[in-house]
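We just call them A, B, C, D, E and F in the order they show up, numbering each chain from 1.
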């Protein structure tokens, strides 16, 4: 038995509407992740997390095929990055939810491996406030922010935590010898980049080339698969708990 | 002399492009704020804050006319609420920025009095990452979250902090005798509403009628103008500091 | 008691749906008005007129918060002008009407202080022809065109009538010593501008910089508050009469 | 030699860019015109007028193929009426102008036989204010409003003037024995319809089924081909004069 | 009696809904057709074919006014070509179908004289798969591809078959002495153009200026009215047969 | 070394722009494929074919991550099918091409495993006719239509050829014991379905539930992996040949 809609036949999907009332949609990105990580990192992480959440839900959830592209304008200065506009990305997720709702699904959980998708998902969530569908979404790393330790003052994209997760989930997509540090201290950042990193107040966005010439925040070289396992499995636990509450609500 | 674009002549605006390089756009909402506060609360607060920030910048900023409507689908169950779609709200702000950029402004700060506008502003901010414009935006209350004290376990919309701000900024728009408590403890919330209040993990949005039959979070009766002064003036200080850094960057 | 939706609580709005069946939405503009008038002139005039109409209707109408921006591409050559596209302006008004109709309002009157909004409002009006909503809209000055006297051969934007209205409605937004004449005779206009002024036949539009280097039509220096009072109060009378007929239809 | 772009080869069009600098686009409608007139009346009239204007311009203008459909929501209650949305109609005309401008045309005159197209054309005209293209448009009957005589108190759609024009331009599309009077006096109109006919003040739109059960304003039976000739040929004279001025401007 | 909606009154249209359940919409193009054929060739052919199909259906079909413009970006390098975007063209046809469906028509047949409209019509057809409307469309020449003989190795746009059809349908729109051969053999084509002509595999599109400097495929000089008659009348026979089956389905 | 953009780092992508000038984008679908095949069949086939084409091009092509969803309204009656609208699907592919073109790619080949994507891709191809990008696309099975043998009179979706391809490419996604015949003869089809299958003339589209209650055309039980190998490898050969010509053009 599988929870992957991609692998199911239509007959299996018909049964799943009844037995697996939560539909999980993993969304990622195709964008630069520094000198040593594959550009599909965020898609790989989203799928890896989605499947672990589904496993924990033991048949009560299905996982849709991944949306392999996300909103990545802030990485387009780096070769190979591919980006959807927020409007198109939003339309894609809306139409996938709409398709599944036609078959009877009523509860949705989008798992994004890419923080650049958060704003569009937040906007989309507002559309469902007045519908009879329940639309939830979750980021990945921030769900386990309390567990990240030993990181640089500045860290984040393609840094310690993401690299650790990839070393655990898909080590063959990490070229360890090519990992190199990005910006690791606030002192290294220019003034606007520093403002962009500040939390809890006014916000300004910059391209990742403004942060650092390699587009990396933090030092991926210190990442370990063991730290990755902790982040991934705990995130899966916590999101599964959330999903259980959603299903029993 | 004024910093209000609404009151300027075109000649004054022509001078302001040179002397006042930051353009501040206050955006609010027209939506229910419980039994005792005016529906324009978020617009009033946005304008009040924007003007205080401009004062502190002493001629280096202009304030555009307010956008009196925001993204408020989660309040539409309550009479009098008026909402723009995220796409329309985004288009409005984009076109205002575009207009001012044609006259020479390059730095923008949107001040929103309404949290429902945050997702759309976050999406819009992504559009400017690759432009030569600097687009910053700021919420209000969360900038001074550390200063709010004595509040209920559950608080927020039309609660202690917003009411305090209004008692300070526009006391005639608060009908004190009609203030009444909304949901104040997590125990009062239904299961999905409780999930929606949880921070730092997966997210789900609900209409404010799901939170509480009066659409209020917290107990506005304990609000004071003195607490309001602290929140408003400190927020203005902090945002002005941010703006100074942006201008000197 | 108030007729302003901005100042009402949601409870008051709930009552107003029943008692005040007409919803008035004032729409203005932020655009150059020559050397002596504030750029918010059209918004100020729209609000001033809307409130006077509501007063005359004595509780049978509510006034929504102003839309402070309009369709002003023909003034964008002048510093400080801010313009919405027709599509965005139309979407704003449509969504405001839609919001209010969800609460039970069925009759709408948009009062525009800016002629550049007329085409978009005319298009929008076509959408409601087949609905159960009644959507009316009105310009300002042309409602009392018969009362304007002593004006130049060419007059209009930022000229005698608009200045008079502002001297009556908001004298502090008129810098009388900076008022200066614009184009006042057809002879002063270039050939296309002259075609653009011709009434009753083929139409061509030009930017206001093509009309006159200061973007003014007429001589605002001869405006008086007394003439303004006549224009404003008579327009309010006539529009209120229209509204009464609409309400009793 | 022809002025019709439809009949030209591409080589002839290439020459016409140089010799015939004005591009005329006739736009009509497919909508009910009472019991005796063909539904293509407005298209036929637009083409008839456009060709007469082109004749008078003696080679200095070309006429594009007709846009046979217009904005006709107010007639959709009557069988056979076909309507484009304002947005689609606007896009069509914009793209036709854009196509011709790629070949070198810079001056455009849209001739509409249908008043329902006026709002969309007015909006579109605003887009060209800041371009290097000159975009003019003209209605038909109102250009010669001073020449209409002997009409009913209420007249207009499918009434005396339009029928006269058709008797002159395309008598085979008028089934004279089926002509029948519509609403001819204000007393016959309901209260909203009466408001909708009032000129010079607030405006409200109604479907033509609200005006009269046959959707006709005026009494087409008194129309004559001779009156039609006067209206058509004089309108052509006046519009050609306007076009001459535009070309020499 | 007529089958042309353009010539009908609304009363006749009301009857036709019942008696003539198939609505035919001819769509064409305004685009270069080489040195000797009018730019309206595709519109003329679409109308000519639509009317012949309607004749054969003997009162069971109506023909709507022609859409005189199509999707022609690949001809825009040639003077006089006018093109709608696929999105606008699609919206036009969708809104025409929608209008007629409001009056009761349920079966639609779009006849296109221009192959550039095929992709947009194919997309539109997908929209109707789940509706209760039957939306069919047909090209022209490919319906009788088996009857074309004696043509060049390369043939098509403005070539033998189209010219023959025009010599039969509208000989006055063919300037026979200006007909000239275009590309007639694969050897004359550049490499990408040759790939674009290849059938049954991967597809690439090129502008017609890439095919040949005159934008013609084939040798129109050998076309005859007799061949045109065969192509036109047989196409009408076959499409009418199809329509009969659709009507009796 | 890899040709997969998903697995590359940004540095590898930067090199690939120069060395691998063709960018291949596989697009599929998530839709019912009868009782025995996985719903991701079209995505799996598109990726399998794309990778084989890239292999043959030996480093001159890169393969982007798959677009896992396509245009599938005609399958939405079957549980589990998920569909993008043509407009959204088109926007996705357009933005992916745009992203890659920003990095320097100029030649694109979209490989679709799903025929329902063909119309949208045909429309999109028209947009590139006037650009400096070369946009090609290819279907799968019809490229090797001449090699399919022993099939039913009616065959196609989820039938002999697709099943054979899957038995070769991803046998674990075929549940052989659940394969069952769909419609295999024209006699089994209803009248509209029969019209929809007819080639070379007028076209009408139907949902796959209209074709057959199981949405299958043909008899998948006779498919063999050996036939699949022939279809897949020959299609790869032919498309690679096409790509070689495109690259050397």
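The definition used in the following text is that a residue touches a chain if its C-beta (ideal position, glycine included) is under 8 Å from a C-beta of that chain, and two chains touch if they have at least 3 such contacts.
Bear in mind the structure is a predicted one, so any value in this text is a computation, not a measurement.
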Per the touch definition, the chains contacting both subunit C and subunit F are none
Under the touch definition above, the chains in contact with both subunit B and subunit C are none
Cα superposition of subunit D onto its copy subunit E, rotation angle rounded to the nearest 5 degrees, comes out at 180
Per the C-alpha centroid definition, the whole-Å distance linking subunit C and subunit E comes out as 49
Cα centroid separation, subunit C vs subunit D, in Å, comes to 29
Each of the following residues of subunit A touches two or more other chains, namely 76, 87
Among line, ring, star, complete and other, the chain contact graph is ring
Note: ring order subunit C -> subunit D -> ... comes to C, D, E, F, A, B
Counting only contacts in the complex, subunit C reaches subunit D at residues 71, 73-74, 76-77, 86-87, 109, 116, 118-120, 122-123, 125-130, 134-138, 142-143, 145, 190-192, 195, 198, 200-207, 238-239, 242-243, 245-246, 248-249
In their shared complex, subunit C is touched by residues of subunit B numbered 5-14, 16-17, 30, 32-40, 43, 64-69, 76, 78-85, 87-88, 91-92, 95-96, 99-100, 102-104, 173, 175, 178, 215
